[in-house]
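This report refers to the structure that appears directly beneath it.
Letters A, B, C and D name the chains as they come in the text, with residue numbers starting at 1 for each one.
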Amino acid sequence: MNWLLDYVRPKLSVAKTEKDVPDNLWDKCPQCDAMVYGQELAKNLYVCPHCGYHLYLRPRKRLNMLFDNSEYTYLETPQVKEDPLNFRDTKDYRTKLKSAREKTKFDEAFVAAYGKMGGHGVVIGVMNFNFIGGSMGIAVGEGIVQAAQFAVKHHMPLILVTASGGARMQEGILSLMQMARTTLAIKLLKDQRLPYIAVLTNPTTGGVSASFAMLGDVTVAEPDALIAFAGARVIKETIKADLPAGFQKAEYLKKHGMVDMIVNRKELREKLICLLNLLGNTFVKGE
Amino acid sequence: MADKTIYLDFEEPIYKLESKIQELKSCCDDKLAKDFNKEIANLERKTKRLLEETYTKLTPWQKVCVARHANRPHSIDYIHALIDNFMPMAGDKLFGDDEAIVGGMGFFKGQSVMIIGHEKGHDLESRIRHGFGMAKPEGYRKAKRLMELANRFGLPIISLVDTAGAFPGIEGEERGQAEAIASCIMEGFTLNVPYIAVVIGEGGSGGAIAIASANRILMLEHSIYSVISPEGCASILWRDGAAVKKAATALHLTAQDLYKFGVIDEIITEPLGGAHRFRDETIERTGEVIWKHLAELKKMTPEELAKDRENKFLTMTRFELK
Amino acid sequence: MNWLLDYVRPKLSVAKTEKDVPDNLWDKCPQCDAMVYGQELAKNLYVCPHCGYHLYLRPRKRLNMLFDNSEYTYLETPQVKEDPLNFRDTKDYRTKLKSAREKTKFDEAFVAAYGKMGGHGVVIGVMNFNFIGGSMGIAVGEGIVQAAQFAVKHHMPLILVTASGGARMQEGILSLMQMARTTLAIKLLKDQRLPYIAVLTNPTTGGVSASFAMLGDVTVAEPDALIAFAGARVIKETIKADLPAGFQKAEYLKKHGMVDMIVNRKELREKLICLLNLLGNTFVKGE
Amino acid sequence: MADKTIYLDFEEPIYKLESKIQELKSCCDDKLAKDFNKEIANLERKTKRLLEETYTKLTPWQKVCVARHANRPHSIDYIHALIDNFMPMAGDKLFGDDEAIVGGMGFFKGQSVMIIGHEKGHDLESRIRHGFGMAKPEGYRKAKRLMELANRFGLPIISLVDTAGAFPGIEGEERGQAEAIASCIMEGFTLNVPYIAVVIGEGGSGGAIAIASANRILMLEHSIYSVISPEGCASILWRDGAAVKKAATALHLTAQDLYKFGVIDEIITEPLGGAHRFRDETIERTGEVIWKHLAELKKMTPEELAKDRENKFLTMTRFELK
């Protein structure tokens, strides 16, 4: 029952760490408009040193930041049917995929890795908002299912870092089904009493919020992150009135009972380790 | 119930023929009637052929219109016709009773079941009461509570999906629309009883799948099930509200598409002309198909039922790759 | 798993039915002020024939009304320590008990019986509002616990008809503990998957509402019944404002999600039988 | 934290002595000090004796006042002193976060635990934020959620009871105060982990027992636990608000009464003068007693723990009859 005791090192290829390309010279903070030197921003985990705004943190940087010594091993990206609907709007979906891959250097909007965190074996999955808005299609859903299955197989907790505009419309009903499939993924962990921690980052919306994102044993959010089911624009059009201040922000969700804690990115790794320590140091039956 | 016939635009030729028949039938007394009989029979044959032609090749957008047809039987109609001794149950035991989802226990062909469905309402007053079938968090939490109850007492669950989507509004967000939907999907996976979902009209996005993580997913022939409405898709991807027809086609939202994708288990054939024209027959057919699947599922043990659902969704969308 | 199939007739004394004393000549309806002839009111199950108001129905009448042919067997009244606190306010608690017993001809504010209902073996417990306001002390709590234990032992569903002003203050903390004990009683049924139906009648308040009354698998209420945790007077004093219309009435609770159905007393027996039929005709594993 | 000393009326003689000591200590410089030393020592002895006399025979009403003392350590103080790496958790995942109940995970002497408690706040601002320790339905539902979580991961649960009672108001009734309390009590019975409740101050009615259906129920020496406040009881039974002292006595609400009745398992001795005077020492002692019981409970299997709780409450109030 105690996943710490049962931890077995998975027999997979050794950890490979990757260096990020140096950041461009200057970045502008979207909140306070301050110009921040790229390397300073990187050192500061992409939190604005002037106003504390949490800028988007790319998956590789996120994994580097979370795993012990930035050491981890990627799980294989699942091979799924590409463009199953043969979808085209004003552009081919395949073209969109291709340019997203070129832009992000990732195959899809979700990537998972395993490694150690505070000494605990753990699987961490991260959504890539730069990949078609972090939208969830078959590949993302399958990635989450396989990450959960890997965690179950190796008796490790799972941490998922969300960032998504919602469903991958271009995969139609097949993307909707990922809401059920990712929920099932979490159930597989629950059945084994393995911890699942949801880390909600800006933005986490639509079908992603209404499935695995909201099912954490513990739900952590980054400050000011937008976390929503329905889009503010849609709601505004429906009610024809202004929305309350801070609507759908992390702090609003905490006030409304949906989020356990809001954690500054600089403290995130430490807090997550603490949660793993707590959930792992369990009372063992009849000890 | 349907008071007057509402015609969809592509049904205009049918409408014209039917008006003509009506006219002939009414403008003559009994004596003259037989003179018109041949004419009427002829027109009726024509109408039938036209219905057949139209309804065997509905476009995706036409299916959307049919699926949303105001006279299409709603959850309450199915419950009324198929369930004996229905005991409607209310409330989530947390906040409120959201009538956008109706539910309760009753006998389905002698088997006690829990039946849960979106209800859109049939006139302005009832549409408002049922929130136009767009459920708030308390609606999904009621559904979840009823599923839990059914599970405890071994009642099979039948869900009827018919919603444009979950309610989009401040109260919904405030009270955890996302959490409510996610938990309702999750509840489906924890059940040890047969769970059958039927898309009877509109299967709109997260609001629909909340009550459809089932062992069997069935769809009526002209119902739709989609990640987003064609309107929403058109406005986002085409940036043009008028692109709904293109969007409807691109989204692959018809029962026939979903069956091909392996997302659903069976298509329930509607009488030619659609469920809105042949309400009783449609409901009866639907009942027969549900019963067939229920009989199959009842052969499984509680553990097998949970495993069946798990396997269904684990393998779903894992297509063979060339 | 199916309590209908496993039903074994308990070996206890045979059913004894008791005739009620003839009702007094005229009663006044507390809602519409109409004068109703006592026998007419009795025939009408104490529902005002003019306005439909549900007057209080005494336990014996309630049991007669619910069981098949008004045939049932009382469960033995549990013997409990009387007046454990030696409580006296302006009057001795013992004196209060004595006069309540004389007035009601019952030992305590709760009585349970078993018998058949629509052919189902069932245990029905009824609270007696005329006995010190139906307040819950040790005897009531113990009565509910033993009714539940009897139901579990004989594999029967349990129906509890509530009517209570809350805790029996004169038994202090020992009355508060009955909230936990009656909740536990319901858990014993739940563990065996035996149905428990709560029938909430006017009034159901305080500690009774916040324990077994709110834990029904199905919750039925009589029309217009007051169902409340905090007293309206207390709330009014706290907020210093008027309360909304219909506040804490059965219809209000249904609107707020706490009650499954509001059932007119004349249909109550029929609906309860229907519920028992439904909950008993279950899907049997691998049948 | 306690900023200034607040004296209860029956503490007046103690207050006077302490003032005198303070005066002597402050009105003289170091040179003169030794002349006063004897006097001061004498007065301090006297004070101690007076404290002893007062605190060994507090009346029930005096205990009520002590239990409600503003400087008495609150849940947050216990958590702060006893729990390492406390991770506060928020929300019921349904409606809101009610800070009248605080809770979270942390290490208690190296054992990870879930700790949940009423929090009254210590100044006007924090009292308002914590709703004066009177929880709304969302508070109890948060407690229930945290219990479920603890149960899933095998974390023992410690609850700290300190409330005048559940929040009495429209919102509470609207959102199911009764259901929330009942479900929270029920949750306690379903747990397979050690569950220890400690009444640290005021154990007020249903709002208290909601988080006290535990394996072990402990009470601080001068805490109270009652079905109704003495004020409420006086006004209902005596129809006289001034009868609070009589009511306090009649209700048998002291730790000593409850121990005699077998309702609680142990009384945690407070330093002479009460927890509000010796905050750290009280908290430390409380921690030791909790730890002792936790060690005992940890010897049981999950099934035994549930059974232990069941037996405790089944036999409770079943007194021997003569």
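Definition applied: contacts are C-beta pairs under 8 Å (C-beta built on N, C-alpha and C of every residue); 3 or more make two chains touch, one makes a residue touch a chain.
As the structure is a prediction and not an experimental result, all values here were calculated from the model.
The chains in contact with subunit A and with subunit B alike are D. Chain pairs A-D and C-D differ in how many C-beta pairs are in contact, and the one with more is C-D. The distance from the centre of subunit B to the centre of subunit D, each centre being the mean of the chain's C-alpha atoms, comes to 54 Å. Distance between chain centres (mean CA atoms), subunit A to subunit C: 51 Å.
Centre-to-centre spacing of subunit A and subunit D amounts to 41 Å, using the average Cα coordinate of each chain. Each chain gets one centre point, the mean of its Cα atoms, and the points for subunit C and subunit D are 34 Å apart. Counting only residues that touch two or more partner chains, subunit D has 93-95, 175-176, 179. Shared interface positions of subunit A, defined as residues touching 2 or more other chains, are 214, 256-258.
Touching chain pairs in this entry, ordered by label, are A-B, A-D, B-C, B-D, C-D. Residues of subunit D touching subunit C in their complex: 166, 168-170, 172-179, 181-183, 185-186, 188-190, 205-206, 208-210, 212-213, 225-228, 233, 236-239, 243, 246-247, 250-253, 257-258, 261, 263, 310, 313-314, 316-319, 321.
Against subunit B, the residues of subunit A that register as touching in their complex are 79-81, 84-85, 87-90, 138, 141-142, 145, 167, 169-181, 183-184, 186-187, 206-207, 209-215, 227-231, 234-235, 238-239, 243-244, 247-248, 256-258. For subunit C in complex with subunit B, the residues that touch the partner chain are 1-2, 190, 193, 195, 214, 217-218, 254-261, 271, 274-275, 277-287. If you check the complex, the residues on subunit D that touch subunit A are 85, 87-97, 105-107, 110-112, 138, 142, 149, 152-156, 193-194, 298-302, 304. Against subunit B, in their complex, subunit D makes its touches with residues 93-95, 137, 141, 175-176, 179.
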